[in-house]
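What follows is a short report on a single structure.
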Amino acid sequence: MIALLIRDLRLALRAGGGFGLGLAFFLLVAVLVPLGVGPESATLAKIAPGILWVGALLACLLSLDRIFALDYEDGSLDLLATAPIPLEGVVAVKAAAHWIVTGLPLTLISPLLALLLNLPPAGYGWLLASLALGTPALSVIGTFGAALTVGLKRGGLLLSLLVLPLYVPTLVFGAEAVRRGAEGMSVATPLLLLAGITAGVAALLPFASAAAVRINLR
Amino acid sequence: MIALLIRDLRLALRAGGGFGLGLAFFLLVAVLVPLGVGPESATLAKIAPGILWVGALLACLLSLDRIFALDYEDGSLDLLATAPIPLEGVVAVKAAAHWIVTGLPLTLISPLLALLLNLPPAGYGWLLASLALGTPALSVIGTFGAALTVGLKRGGLLLSLLVLPLYVPTLVFGAEAVRRGAEGMSVATPLLLLAGITAGVAALLPFASAAAVRINLR
Amino acid sequence: MDLTVTDLACARGGVTVLSRVSFRLGAGRALILRGPNGIGKTTLLRTVAGLQPPVAGMVSMSPEAVAYAAHADGLKATLTVAENLSFWAAIYGTTDTAAAMARMNLAALADRQAQNLSAGQKRRLGLARLLVTGRPLWVLDEPTVSLDAASVALFGAAVRDHLAAGGAALMATHIDLGLDEAEVLDLSPFRAEAPVAQAEDDPFAGVTA
Amino acid sequence: MDLTVTDLACARGGVTVLSRVSFRLGAGRALILRGPNGIGKTTLLRTVAGLQPPVAGMVSMSPEAVAYAAHADGLKATLTVAENLSFWAAIYGTTDTAAAMARMNLAALADRQAQNLSAGQKRRLGLARLLVTGRPLWVLDEPTVSLDAASVALFGAAVRDHLAAGGAALMATHIDLGLDEAEVLDLSPFRAEAPVAQAEDDPFAGVTA
Amino acid sequence: MLPDLGKYALPVLTAYGASLGLILAIVLLTLWRGTRVRRLLRDVEQRQGRTDV
Amino acid sequence: MSIWEYANPKKFMETSAIALPWAAAATAACLVAGLVWGFFFTPDDYKQGSTVKIIYLHVPAALMAINAWLMMLAASLIWLVRRHHVSALAAKAAGPVGLTFTLIALVTGAVWGQPMWGTWWAWDPRLTSFLILALFYLGYIALWQAVENPDTAADLTSVLCIVGSVFAVLSRYAVNFWNQGLHQGATLSLDKEENISDVFYFPLLLCIGGFVLMFLTLVLLRTRTEIRVRRVQALLARERMA
């Protein structure tokens, strides 16, 4: 299982992995939005929390299809499914690897992008906190979506459609926390809800995901 | 050459093609941004031109790596390179197919999404016009980026990084045209510049792209 | 530790391709499946490996005892030969990758990325994976594709050692594997007929306009 | 219309694998390349097909006369057999896909998507593509992998017809193609040595620490 | 020793610190890689016995 | 004897070995003199206070960031037309140096912006186009890293550099569309009226010279390293063949 985590991380780091893909996309959003919306800093400050969270979410969404697709195509998933480790474990490890490759770097770089988007300084800490709490949920939910679509040729599109509604609560609470933080209001409620989502999802979804993979391989 | 176009379109329409992927993504952005930014319609109206253009751009960006990657992996690109049609033509057809699959539907659906984002009604026509003029440039530039990264294992990430700065002028003029249109100002200059970029890019870049593909296949 | 397949029927793409396949494969024995293209060899092997459920009949061995090698090798292009192999060793809880590499004549290529191997070298790596699974039943789909004569001999020796150690091997192939002691099962007689009998299992049987 | 290869050296991954390869292949003749795994057969074929430049030496025929079939088949999984074939026919400006399908015994599968073919059926489709190119020189990399005996015979007949029509074929393989009239070239003697001569071409020769 | 930078001491010092840091980084990186490659080349040359030019 | 002889790697190594120590010494002299002069011995500006001292880093870095790209463009063209390996490798060597200068300009600018404009970052045209320049550098470097075959990499990056240059100019015009921005215009113009006073001018010139020399030295050093890398690769390939 650790071997799997290490392999996935190594694959991500080697050329071909897509480590940094999420990160690059996040950066992309933060650079493109001002270019599109225009340079007024008041407007930017106002939309910064939402845009940053939407960016983080899209960055996660984009890399989801690689979670299983590559292993499926080259036959590794077949071999993993017949290997002596529980598929639930495989799925959980895959979600963890996805978070380490996408969610974590994204969280760490977010203050820099907040600068580009003129987020009020009071919001920086809350942005970090909400992303750290929320991105694991994005990875776990995303892994579930990826599991539902393993091996489907229309994977990418379907995956986005399936996962999008599941992402909505995380997005709303996450962005709300940052917005309140930036305006100096209390952020306890949205942050708590966010933590609740993450905990619940991490405890339960891997079972559903493993079942989905099993069905898809059949 | 027509056969290639038809094949690419057919592949896109069949499951597995990724037709609609761009569209879905565009929709996603238009739905997620209000969720993240909050429901105030004045703010939304203000950022709508920019967000719509950024969404269109991202939707294009996402499907770029399929332009050559699938053909490269299954060996078709080798066969096409030795086939009796000029590689410049192949590249141009691929760009055209990408636009028909991504840029065109995106343009057509944009008024609907503009509604979701509260774009002032005066801007609708200009949104359509600017997307119709600008998205071909996105496809052609994107094909160039895809050609540079054919066969590279780190394709996806690198591709975004390479293409992003190339997209900047198109994005700025496109969004500016819509913004001016929405505010009732004259849009002639940005639209003209947009058309200029598209024309120039469509005339010249296929040669660079074909050269890049040839270098990469070597 | 015997594999008994009883009255097995298996399907691909919703079409039953083979039916009433029965055979027994004891420890220390090898069985080669033969039959024309498209008869269903791959489908049968996937069923035995537990990757798809049988339409009817049963397979005595649990998938936990099976090491499966398909048309695709399951190699990661950007990992080196040694990394690819030790990953699978770790998954199967074994450690002796050096021996497996030596057996398949991969030692000189240990630090080469899998994408820079020739077709035959890739295949050899795919076969070396079997040696680190430590599982008793090998289920192999055209294992010697792209291998030269020397590598086929290496493969034959590996299979023989596996059998000698009490393992078993079930293989599909069109070409000579250099395993004269193996039994051969021709699948042609088991091609599924237009299945009247299947109507029994069909949950929608009897529905009419 | 002869293929003359003179003193050819070719490289993969920056390493020259074969050098001083020379042979002549006249119209109506077939040449089979043999050699152990990793000797450079695929590399040589790609060079002849014009997909990579030679390190040294020359190939007399322009790539425009070559129909190349690689390890990978270039099939689109979601297109049907007929669609796959008629696409390539359109690219090469020919039309007779029905004949090609009949020759490779694919007529019954015409409306099946390529992803639902068995390994051997896929290969047959890959070979049928050659028939619609209308090109004189076939360059084939292990063409009969996964084919059963009947399909190998089909392939042999197709090659013979091609030769009879004045074409030529250059093939790499490890197994018997059923083409007794073909000449055989063993590549082992051409394995590239540590080339002292290469220092002349090396633009970085003479650079020291 | 330091000139009186007034109320802008922090920005000026940050700017100088960051810039000199970046310059130092690229210089060190260049030198480090240079020596490493040089050593590598020497090793390879020795291994091959300088049979050729 | 033509200038192209220096495009022979061996010749280049010999010549650059002689030039390097001088270039390094000159760099150190100019840079230390300019920066010490600027930092310790210039008065504060009446408007900007001591922040004006940032100019000695900001302006040379900004200038050299652009010039480094121009040099890469020239080297790429030479590679594509005449296929001199040293030229391609010099372009490769210049990439990270140019990126460093871009980053210095961005960082010093940001730090300067806080007291002057009250914000670290604004989407001013000049600032924005510098951010885009940084992205160009990143993409260029990443493409070099990603491609395994060095000649292929040289070809691809050259094509990118040329196409990128056109788009860099286009972007500059595009962002100018927004507004005139907060950033001041060119101060180093020949127009006497607009020029800054001599107290700031001479140390600034010295610093610019220092940055030019630093660029030269670093590129020479890095090109030498890249040439050696190619030699190592050639030797290793030969070893593997044996």
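Letters A, B, C, D, E and F name the chains as they come in the text, with residue numbers starting at 1 for each one.
Note that in this section a contact is a pair of C-beta atoms (placed from the backbone, for glycine too) under 8 Å apart; a residue touches a chain by one contact, two chains touch by 3 or more.
Here the structure is a predicted model, which means the values were calculated and not measured.
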{"item": "Any chain that touches chain E and chain B", "value": "D, F"}
{"item": "Taking each chain's C-alpha mean as its centre, the one farthest from chain B", "value": "C"}
{"item": "More contacts between chains, A-F or E-F", "value": "E-F"}
{"item": "Taking each chain's C-alpha mean as its centre, the one farthest from chain F", "value": "C"}
{"item": "Intercentroid distance (Cα basis), chain F paired with chain D, Å", "value": "48"}
{"item": "Chain centre separation (chain A, chain B; CA means) in Å", "value": "24"}
{"item": "Centre distance in Å when chain C and chain E are each reduced to the mean of their C-alpha atoms", "value": "55"}
{"item": "Euclidean distance of C-alpha centroids - chain A vs chain C, Å", "value": "37"}
{"item": "Chain F, residues touching no fewer than two other chains", "value": "135, 146, 149, 175, 178, 228, 231, 238-239"}
{"item": "Interface hub residues of chain D, defined as touching at least two other chains", "value": "13, 71, 77-78, 205-209"}
{"item": "Where chain B touches two or more other chains, by residue", "value": "14-17, 152-154, 161, 164, 168, 172, 176, 218"}
{"item": "Chain F partner contacts - residues on chain D that touch it in the complex", "value": "13-17, 192-195, 198, 202-209"}
{"item": "Residue ranges of chain E touching chain D (in the complex, touch as defined)", "value": "38-39, 41-42, 45, 51-53"}
{"item": "List of chain F residues in touch with chain A within their complex", "value": "119-124, 128, 131, 135, 146, 175, 178-179"}
{"item": "List of chain D residues in touch with chain B within their complex", "value": "49-53, 63-64, 66-68, 70-79, 83, 86-88, 90-93, 129"}
{"item": "Footprint of chain B on chain A - complex, ascending", "value": "14-21, 24-25, 28-29, 31-33, 35-38, 43, 46-47, 49-51, 53-54, 57-58, 61-62, 152-154, 156-157, 160-161, 164, 168, 171-172, 175, 179"}
